[in-house]
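Presented sequentially are two complexes of chain A, the first with chain B as partner and the second with chain C.
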Partner chain A sequence: MAGADGDDSLYPIAVLIDELRNEDVQLRLNSIKKLSTIALALGVERTRTELLPFLTDTIYDEDEVLLALAEQLGNFTMLVGGPEYVHCLLPPLESLATVEETVVRDKAVESLRKISQEHSPVDLEVHFEPLVKRLASGDWFTSRTSACGLFSVCYPRVSSTVKAEIRQHFRTLCSDDTPMVRRAAASKLGEFAKVLEPEYVKSDIISLFTALASDEQDSVRLLAVEACVSIATLLPQEDLETLVMPTLRQAAEDKSWRVRYMVADKFSELQKAVGSEITKNDLVPAFQNLLKDCEAEVRAAAANKVKEFCENLPEDNREQIIMTHILPCVKELVSDTNQHVKSALASVIMGLSTILGKDNTIEHLLPLFLAQLKDECPEVRLNIISNLDCVNEVIGIRQLSQSLLPAIVELAEDAKWRVRLAIIEYMPLLAGQLGVEFFDEKLNTLCMAWLIDHVYAIREAATCNLMKLVEKFGAEWAQNTIVPKVLGMANDPNYLHRMTTLFCINALSEACGQEITTKQMLPVVLKMSNDQVANVRFNVAKSLQKIGPVLDSNALQTEVKPVLEKLATDSDMDVKYFAQEAISVLALA
Partner chain B sequence: MMGDRPSPPRAMSSAPTTSPSVDKVDGFSRKSVRKAKQKRSQSSSQFRSQGKPIELTPLPLLKDVPGVEQPELFLKKLQQCCTVFDFMDTLSDLKMKEYKRSTLNELVDYVTVSRGYLTEQAYPEVVKMVSQNIFRTLPPSDSNEFDPEEDEPTLEASWPHLQLVYEFFIRFLESQEFQPSIAKKYIDQKFVLQLLELFDSEDPRERDYLKTVLHRIYGKFLGLRAFIRKQINNIFLRFVYETEHFNGVAELLEILGSIINGFALPLKAEHKQFLVKVLIPLHTVRSLSLFHAQLAYCIVQFLEKDPTLTEPVIRGLLKFWPKTCSQKEVMFLGELEEILDVIEPTQFVKIQEPLFKQISRCVSSPHFQVAERALYYWNNEYIMSLIEENSSVILPIMFSSLYRISKEHWNPAIVALVYNVLKAFMEMNSTLFDELTATYKSDRQREKKKEKEREELWKKLEDLELKRGLRSDGIIPT
Partner chain C sequence: MRPGGGSSDVQWCFSQVKGAMDDDVAEADIISTVEFNQSGELLATGDKGGRVVIFQQEPESKNQPLRRGEYNVYSTFQSHEPEFDYLKSLEIEEKINKIRWLPQKNAAHFLLSTNDKTIKLWKISERDKRPEGYNLKEEDGRYKDPNTITALRVPVLTPMDLMVEASPRRVFANAHTYHINSISINSDCETYLSADDLRINLWHQEITDRSFNIVDIKPANMEDLTEVITAAEFHPNQCNTFVYSSSKGTIRMCDMRASALCDKHTKLFEEPEDPNNRSFFSEIISSISDVKFSNNGRYMMTRDYLSIKIWDLCMETRPVETYQVHEYLRSKLCSLYENDCIFDKFECCWNGNDSVVMTGSYNNFFRMFDRGYQQDVTYEASRENSRPRSILKPRKISTGGKRKKDEISVDSLDFSKKIIHTAWHPLDNIIAVATTNNLYIFQDKLN
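Our next item is the complex of A and B:
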């Protein structure tokens, strides 16, 4: 039968190719996705001589099919006979790298990058590098765009003459006529700089970087900011001031908010790359400006970086810089007109307390926390609450509790269920920090109220919350405070509330332990097996299955088994199903 | 599993099971409803407050000074109007804002009626004043998911001045005394590039003025035409392949519509490339409905110029035919009808097979609007005549879909339309129609058999893969 190299009679290429040509796109797509199977059937030789030429010649298809093809070819090395023949894959991938659709092209480039590693240095120069050159000098912008992503993978492994050519091509593309190509080049500038020899970083990359950073299109300039991080890390400290900083300063004050946004967004990376001296002299004032920018987008991006920026300041005068330069800006942001800015700040501001220490936190930060806890926007309040642990370490949460409580209560009753859901998720954390007494006094009612929320997701989260609370405060606390309330709901006229009892029992039984489960919970569950609503009954079956392992065998045999057997003969199909399932899982049959 | 059944009262998990992330808004109300509560937003990135009040020294009216002094005063007024005010602060510089407004008004009137005012020195000053006022980085969109179909656009706050500046500039460009040969020193590529970027403005009033401005510039500056076309290309390509966001696509297409109209024959390769590589891919964009009318107009313009482009255009549309968006599919069908309205019979023959395969798919779409739109083709006399001439090719392609829908489509209106179409076919070519009816069943069976063979082939191939995989861990033995 099929030999190592495929079998003509069984799998004539015509049949296979028919599949790849099927009129129905979906079928064609399926066939392309299984291209490796076809190749396997054909064997390496015929894959090289028949299949690949066919694919190369007939590439005109829907982008979806092309995308699948581009992806497949990246994993085809073994199917064409290993690294020795890997260059056979270049022609179809070259065509795919010139396609209009970005996702196809990107995938083709990704595959090319992958198989470039499988080329020997000789093949790289003979086959791969010429392809890169062809793409780089293509007529239509798509091929030149694709070329940008290929320079860095072949550069390290070719001879110095070829290297010089590659650098020249990259230079040309950086000043290409179309902004699309310049954008592609700018986005690969950092990556390319990393593989260049240090002398060329200085002689080539810096001038390209400067040019791209002052491009007429802001979409190009902002990509240069990204490259700035990589370039700065490659240069010795003494060169940064003259080679990089003028451009970076200019970017931080660019007339386009998109560029300034990018600077704000990359600020921590930039800060690390340029080092502490430049940070002190240049970045601190730049950061202040970004925090005061006229566009909210920029302020929000900068606000997000406040904590990281402060953390990475040189320790010797960190506190002084924060107190005199950063904190005044932060104070203003607390009452910003834009809620995204405030909410970005609220997500990091608590982190400052660890950096500034107890006294400063109480004197300067606490008023800000309190102000944000009273903010009109729920997201701001939530972000403060979700980061309480940072403050807790420094000054303890008690300082905040007076303001915290109204904020929590208000969020707990917010009209938007997602807000309620978010605050529930912080309950265990809050409970841990506020302590059991405070909790019982102020928050317990809230936690119980959520159990009868009209949104299922809230009831579900409330159930899970109870379990976490019990894990924190222990079984005895559970027995005294929540179990009675939960079990009381079993008699509620609303079947959804009755089911909540069951869900709570499922969640709590393990944490509460055998005694509470057997003595208090089990009787309630068993009683509910007579409920008139089938949903409740089959959830009884599910609950019994769930709490079974916590019970002792006596209770299982004498109490659980008869009830399950009864449910297994219920008139409702689902009740029967779950009862039977429980019987078999608990091995009661 | 059977746990979550929909029948009441068991719909226990009727609750939203969305990710726990906190959303700004409850996701249930329609966006337009939510938005309605907010007031119309205004924005401007025009100005960074300098904090100081602005003082302009009032100048006499142009009509109040002797004619010889007017050019000089005109320049002074232009210079004053370079001052830009902060309109986000509604209370600042009220008096000076009013002064600038009245000065701009005066300038508008002046360039419209006066003669002999346009000295050579005036050109750079006019361009400078216009640039200072209109060129700016557009502010970020108010909501990052701005949906032009549903959301109110953010209006430019400085419009009271901006409008007059645009008005003035258009009058200037249209003035009888305007000399492009002098102006081209100042209205250059860089100027045009910045002008084009403004088309992304969310404010429809501004885009409307920009459209006129660009149109005038294209008309008067021959040297800039190729550049303008190239830059519009770049904007479109970026829009299609990178961002899917640009507010001024419809306006730019409208200008292009009239540009295409003026193309000389035979069409240059550049123009054909623009059609195939830019205009056709524009059909893939999600927000197609916002500029589809203008786009279809451009396409039809091209085909009226050069009918040989019909085949690549229709093939392009077929390639990008919407797969999931029925609204877009209806738009495509509308455009295709516009194309068929002007198609030459010789071109029709070249493209009829792939074209009617697609139409046959549309006709059997479960979405009745798609099916209906496609079936309306049979009400078009010209299309009917083309179908009739080629019924021996088209009827076999269409038959099985039509036959099937006539039996199974859920919508009675569609079934009725299909009966009419079948009747029309029967009248056109009754012999072929009878043949197809007779072989319908056996054809279906043959298809099924083929389907089965395919499945078997793949099964065999998979077995083989499995066998080889076991033998050598996925790597082919040598």
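Our next item is the complex of A and C:
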């Protein structure tokens, strides 16, 4: 606390306080982040009477400062004197809840929600609830949108008269003039419904929900779809048909694709919320329509949900529903005109095989997989390949291998390096599924070819891929198939390829073990220390440092040490540097 | 305001003129856009120098009950700077092409301003308090000896003279290959569109790093290019509807509900060409330079070189009203082509209750058309007439051989003086008319 003459401990705090208004945003931000330190030094009384009033009026600041301030104030209860005084935090948060930046307002609302829990029931009615009302009836939509997020936290803890007022305020905001407020209300509708007594859910919420779901602005209507999920879970099954389903059906056929997109996007949640009976009668046809929607964005969203939707169908007639209703739509999507739709489908379609079982998969799904493996769009093929494990469990990968191979080869040679990179990343997975024999026979050449790709990212990924393959197939396999080829590149006329040998050795030494490293790799590395390209030489030093721990001490002392010492006197300064670094790391000095 | 008040029963009088009065016009001072905000309390202009000037209407004073509040400078700021695109070796002018006010969301005001490539969101806010009291220095800035600090001091806010600040809030860049000609804010209050010669993009007001391309008329081969987008605007209350006009004189209306990419229009407004008027210049003069929805959202107005057309949104085949702005120029198209005037992009505006429309012409003339009374009038924005509250006299142009008194001959019109940008107060009979570098404000005479 302040007091004593020239108190040293005051100085840092004094700096922090002065920097609250520094010209440099970074310093202000820094001070705001240490607001608790300032408050602690000032004590609870001065924090309440001086610091908070000052902060209440500093809403002119940059967004990032205000954001930090809004966050800090959510954790300030103890610093103003505990729950008894928590209401002192309301004025600054109230002014932050009206600024134009959504992120700041949202953070202020989050902090208000947090400190609402620290209010006693009396304080909540005396201080907090009036604030909510002020915000709800504010002139500008910014304050009214903020109010929407506060109803649900104070509702459960206030008297029934105040509850009635809160419900009234919420109703008013749901029919606000500005779409911003209606959107805020619509997005909080589900949350508010959860804290309401069941009778009010039916009497109040349903009518608001219906109104918002038929708002003139589609940006409001689509938020009602989300609320639909929460509301449906709150109502007894027998009421769903009359109270929720008409609105949901309407949303699924909305004129605006954005609303239909939202229905497609929330389909799994909706399906769980309305239960199996309604799913069978209503959602299946709705889902079929979404899969056939005229807007590609909607089809893609629905295609993404195919697996989840099928999984969650009631088990008793799941197979029949999929086979007669869903699969025909899926078949059409395989040859959709839009590649996003196809690739969304490709990312989930393999999951259907576990649901449908072996026979159906072979008869109905396999032709689709094969068609997608031949799709013109690489992303579709990649998505199929990345999900092979699902099929492997059901029918084994052999069924696919004949088509798989050309697809992989084509991707491996795609002109876009990002596509090549993506397929490399699936190689270890494929190797595991296909087995070592098939791999050696068909894919090994590809893996080696990537090592001399002209894009560095591909060579790097190829190196990493080799390491993963060795981990999978073991050191012996490495010694027979990979190591000779890798070491052979040490004599390549292109220095980039010679460096690839070193990078491969770096990656493989550990997986291959001491014997292979010492006997086969080390001699090659040592020999490369005489390379005429300096980049190769300093990479030799780096490689030696890397594989050193795998070698025995004899090899280190008799073979590695002399070479590193020679490199340490190299004419190139980088070579010298890395040689010296290796010497010190390997403790050879 | 007197509802229904149009040109027939309004006597317009001079109120103010802004800008330098000397004849020597600096290029940077040329006004390039004029726009009232939603309440009419603020009026923004942009110029070729990249500056935005905002005027605020003073509250009505009790001493002069017959005068409405004047507009005085509220804030001036440099919105855009000249830039150079090194990749394309292109200079990017700082000229402000358009300004659009956002609906007010709190005590501050927000506007979007754009040059050819970059749209910026500006916040204009007031500050009347400043913090006072430091721990480590005196108010005059001298540092204190840290050892003398015996107590902590929290700054307090003290009143100060009102300060208006304009701060850039967001920059929406890198989305346009061609020159931006329009920006328009959606009634959903969260998105806006920006249009260039070949594409229209949709932005979220809070997201600067991506926009969605909703219209793209760029042909695969640029040699097949036959038309460009000249203007685009959102419907005032249907958030899913927007229109864009083309250099071929057509207007396409799109429904964003139908699909994500609006390359298929829902309506095409086009008037069949009159074969009698066909000439070498037909295509150039049919190019639409501006399109504006009426405030009630039922009509839209388009301006082409010689006329204003009002379209009922329910009728695509022909406009419901056509007003000739300066038909007497039809015989002069050849010389207007030679001095490039034929490519001038005149804008147009509605009054608050959609009963009158206004647009500019040459010789610092501007025209008003009263839709109900089917009357039209020509006024001149000129310094000769700039006595406060002096009544504007209608101007007449003689087209025949014999010139009557008070008439101006077509041959004596000054084509270097043109009124391209005009704006009408959303609620009152107050108009802002931009001549080259001056902004004239006129209002109806209060009796």
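The working rule: the second predicted complex is superposed on the first by the 553 of 589 C-alpha atoms of A that agree within 3 Å, B and C clash if a C-alpha of one lies under 4 Å from a C-alpha of the other, contacts with A are read in each partner's own complex, and residues count from 1 in each chain.
Rule of thumb we're sticking to: contacts are C-beta pairs under 8 Å (C-beta built on N, C-alpha and C of every residue); 3 or more make two chains touch, one makes a residue touch a chain.
Note that this is a predicted model, so its numbers are computed, not measured.
By the touch criterion defined above, A:Ile17 lies against chain C but remains apart from chain B after alignment on the C-alpha atoms of chain A. Of the two partner chains placed by superposition, only chain C is touched by A:Arg46; chain B is not. When the shared chain is aligned, chain B and chain C each come close enough to touch A:Met180. Once the two complexes are laid over each other on the shared chain, residue contacts for A:Ser256 go to chain B and to chain C alike. In the superposed pair of complexes, A:Asp57 makes contact with chain C only, with no contact to chain B. Of the two partner chains placed by the overlay, only chain C lies in contact with A:Thr98; chain B stays clear of it.
In the superposed model, A:Lys34 lies in contact with chain B only, and not with chain C. Within the superposed three-chain model, A:Val533 lies in touch with chain B and out of touch with chain C [touch as defined at top]. In the superposed model, B is the one of chain B and chain C that contacts more residues of chain A. When the two complexes are superposed on chain A, the residues of chain A that touch both chain B and chain C are 2, 4, 10-11, 15, 41, 100, 102, 140-141, 178-180, 183, 216, 218-219, 255-258, 294-297.
Within the complex formed with chain A, the chain C residues making contact are 103-108, 110, 123, 125, 127, 129, 131, 134-137, 146-157, 187-190, 206, 237-240, 256-260. Against chain C, the residues of chain A that register as touching in their complex are 2-7, 10-11, 13-15, 17-18, 20-21, 41-42, 46, 50-51, 53-54, 57-58, 60, 98-100, 102, 140-143, 178-180, 183, 216-219, 254-258, 294-297. Interface residues of chain B, counted against chain A in their complex, comprise 2-3, 5, 9-10, 12-18, 20-26, 45, 48-49, 137, 139-140, 190, 193, 234, 237-238, 241-242, 277, 281, 319, 357, 454, 457-458, 460-462, 464-465, 467-468, 474-478.
Those residues of chain A whose C-beta lies close enough to touch chain B in the complex are 2, 4, 10-11, 15, 19, 23, 27, 34, 36-38, 40-41, 43-44, 62, 78-79, 81, 100-102, 140-141, 178-180, 183, 216, 218-219, 255-258, 294-297, 378-379, 382, 415-419, 421-422, 425, 455-461, 495-496, 499, 533-535, 538, 542, 573-574, 577-578.
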